[in-house]
Amino acid sequence: MIPAGASVESMTHVPDINSPEEQTRYERGLAVLAAVDGGSAPAVMENLADIAPALAHHVVAFGFGDIYARPGLDPKQRQLVTLGILTALGGCEPQLEVHVRTSLNVGLTTTEIVEALTHAAGYCGFPKALNAIFVAKKVFAERGLLPVG
Amino acid sequence: MIPAGASVESMTHVPDINSPEEQTRYERGLAVLAAVDGGSAPAVMENLADIAPALAHHVVAFGFGDIYARPGLDPKQRQLVTLGILTALGGCEPQLEVHVRTSLNVGLTTTEIVEALTHAAGYCGFPKALNAIFVAKKVFAERGLLPVG
Amino acid sequence: MIPAGASVESMTHVPDINSPEEQTRYERGLAVLAAVDGGSAPAVMENLADIAPALAHHVVAFGFGDIYARPGLDPKQRQLVTLGILTALGGCEPQLEVHVRTSLNVGLTTTEIVEALTHAAGYCGFPKALNAIFVAKKVFAERGLLPVG
Amino acid sequence: MIPAGASVESMTHVPDINSPEEQTRYERGLAVLAAVDGGSAPAVMENLADIAPALAHHVVAFGFGDIYARPGLDPKQRQLVTLGILTALGGCEPQLEVHVRTSLNVGLTTTEIVEALTHAAGYCGFPKALNAIFVAKKVFAERGLLPVG
Amino acid sequence: MIPAGASVESMTHVPDINSPEEQTRYERGLAVLAAVDGGSAPAVMENLADIAPALAHHVVAFGFGDIYARPGLDPKQRQLVTLGILTALGGCEPQLEVHVRTSLNVGLTTTEIVEALTHAAGYCGFPKALNAIFVAKKVFAERGLLPVG
Amino acid sequence: MIPAGASVESMTHVPDINSPEEQTRYERGLAVLAAVDGGSAPAVMENLADIAPALAHHVVAFGFGDIYARPGLDPKQRQLVTLGILTALGGCEPQLEVHVRTSLNVGLTTTEIVEALTHAAGYCGFPKALNAIFVAKKVFAERGLLPVG
């Protein structure tokens, strides 16, 4: 049992995110991110540099290096799961915007994206589905992909 | 503007769910449901018969007949979106159980289902991912699909 | 069981939203919407025309034609339920704004709306209740309905 | 500014929940609760006695004495808002059960309750609406109120 | 049992929020709020004056006077719980902004706040943690507290 | 850009969770978990062995090894954040049970835990606070810690 007030750190070694082993993990995640994201995520990550560099590190090293790159689902399948989650959570429009872009980058069509968000209406209601579709519309407009179908 | 206290019904015709047109919609949804569900949903629907037959009707007629059967996404893709939504919502374990069964029925492998729920951990946190994985485990055990991989 | 990769569509007939039967359903929903909404929803629906016309169709045909117009609750009662749901969900401020307008249109007083959102504080906490009340304030201000009471 | 580590308590007087003024507030809430609840809530409150008597006190004194008893909405209206909130939150089945009973006690009919939960499907999705309807079914069954309609 | 349509008010006395006893409760809460908030909350409360003065009253009288000032947790501990709740709820960025300021006011360091939000990523996912960290960044920037660490 | 249908894996190396480097990360997390958990988590992790060993690995390696062990917050502070998050999410009672035990293990008193959950009522409502307090009551009862205070 740890003494009250003590840091768990005192009993273990937490590797610095700048250590060689963590930099290797980070680079691995960054390669995945670059492959699927097409360039918008780095700006988000840079925005974290002066406040939460460890959070930025773990988004990349864990989220993309450890999880996203795993076999078992291809990127299009992962994006369908992610679109479902972000639509259901609500209030995650900035992340949904990034992931609509990523969905296009990995090969989901605008029709598939719209269909996923329309499908969501039955499971989490029209309001959240509408919020998500208007995020998709913004991204599609930027890329000259409107009208859909 | 409608007078206070008046039902909107007074101004429009709401078709009875037993009308021929609604029965046609219902039959269409039931065919989809039978194709993807493999038999567990009807029991849920029957459970609604003595309390909310209209809700049961619309789950089938709208949810499956109008939405699920649409082109644009195949059933495996729809299930990936649905697994993401139900994991993120939380507290929907009964529906998740139905949809893990449906996911297997439409051809998602146990590995793909597990991978989708593992992927979810990064987007809605470990607790909800763990709740979902234990629902999947129950279904997989019933079908003799453990261990996975 | 459907073959992997196949669309459920291949086994069933999904009516086009432009078919006569679906147009009838849509017109019915539109009549309800016009009666309760007072004119703000059509703009939202038009915004969907170039990206998700089917979602717009079903919001109207299902949400208003099939559900809202049902007997059992009058529009004022439906709006109280809706205000409760949208406040609790969070992140649905655009829809809440539409529904505060609708609530006024169907005859809820500003006092009743404020009281519903104040009541919500005990059930979903002050932060969500405050978010909702500031949406209501915006609508009331537009209509010259401040101060309340 | 308060010194780090200091309790705000040091700067103010927090009335004991057993003080005469707080007992007066509590009694007022208890009278409201008794009028609307029909007897199930006290058991919940007693269950809190050995762990969180202050929480029990405030549920009664604030939730019922300060909020529920306010003018502006009658109890049936308050219950419609509450049913909407608890359905949307999810995971609050024990509280929803109490509030379905309360809804019946204050005069909502089984049809109105079912209609409210059916209405909810469009705003927070079928899964949460189904969870809520099965809670209502349990309460209706206990009271011999099935089938509905 | 209360008659349908009757207000519970008819059976009980709801004290006016301007009554001496309620003003005493309000003043108590205001003293707590002033001690921990450092001045931003009053503007929010004033914003409620012309629409929901009772909600503003209860935020102060109940939220701060009855709950926040209780012994058992010091303000820094209360803020850690609050940061966790607001991050998890999502969509409560305005309240989170107030509570990041309050957290600094009661003595949490920028490092502790960032660490709490980084910790949250594992429990409610990266998207909500990122939303929260960007709220913190805005507050830290206003106070000249960047870079952190 | 990755070809449609391709796994990101094809472009990068995902370390097997049984690799030496991942086992080192896992052992580090396990040491933290053992220090704070007091023995209940391993059973949860074992339950994942035949379905999602990678998820179990990352809960330990990332959640405890990378995040929990970080300096900046001591374990009692981390538990306060976690209690807030799990109470607000709802539907995470199994995880909340684990974390009430962990909270006691790292030195939070029963009074502090109860106070955190009572505090939560104002921010996410009474229903979720009540759900959480009854989880705490179960754990306290098992450990002979009732009545509190």
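Letters A, B, C, D, E and F mark the chains in the order given here, with residues in each chain numbered from 1 onward.
To be clear about the criterion, contacts are C-beta pairs under 8 Å (C-beta built on N, C-alpha and C of every residue); 3 or more make two chains touch, one makes a residue touch a chain.
Note that the structure is a prediction, hence the values are computed from the model and not measured.
Annotation of chain D and chain F: jointly contacted by A, B, C, E, touch as defined at the top. Separation of chain B from chain D in touch steps, taking the shortest path, is 1. Where chain A touches chain C, the two copies mostly use different residue numbers: shared numbers make up under half of all numbers in play. Between chain A and chain F the centroid-to-centroid distance comes to 22 Å (mean Cα coordinates, whole Å).
Taking the mean of the C-alpha atoms as each chain's centre, chain A and chain E sit 29 Å apart. Look at where the CA atoms of chain A average out and do the same for chain B: the two points lie 25 Å apart. Looking at chain A, one finds that residues 54, 58, 62-63, 67-68, 70, 85-86, 89-91, 114, 118, 121-127 touch two or more other chains. Contact topology of the protein chains: fully connected, every pair of chains touching. Interface residues of chain E, counted against chain B in their complex, comprise 121-127.
Only residues 1-9, 11-14, 21, 28, 31-32, 35-36, 38, 54, 58, 62, 65-71, 74-76, 105-107 of chain C touch chain B when the two sit together in their complex.
If you check the complex, the residues on chain A that touch chain B are 62-63, 67-68, 70, 72-73, 77-78, 80-89, 111-112, 114-116, 118-124. Touching chain F in their complex are the following residues of chain D: 44, 47-52, 54-55, 58-59, 63, 85-86, 89-92, 94-95. Taken in their complex, chain D has these residues touching chain B: 90-91, 114, 117-118, 121, 125-131, 133-134, 136-137, 140, 146-148.
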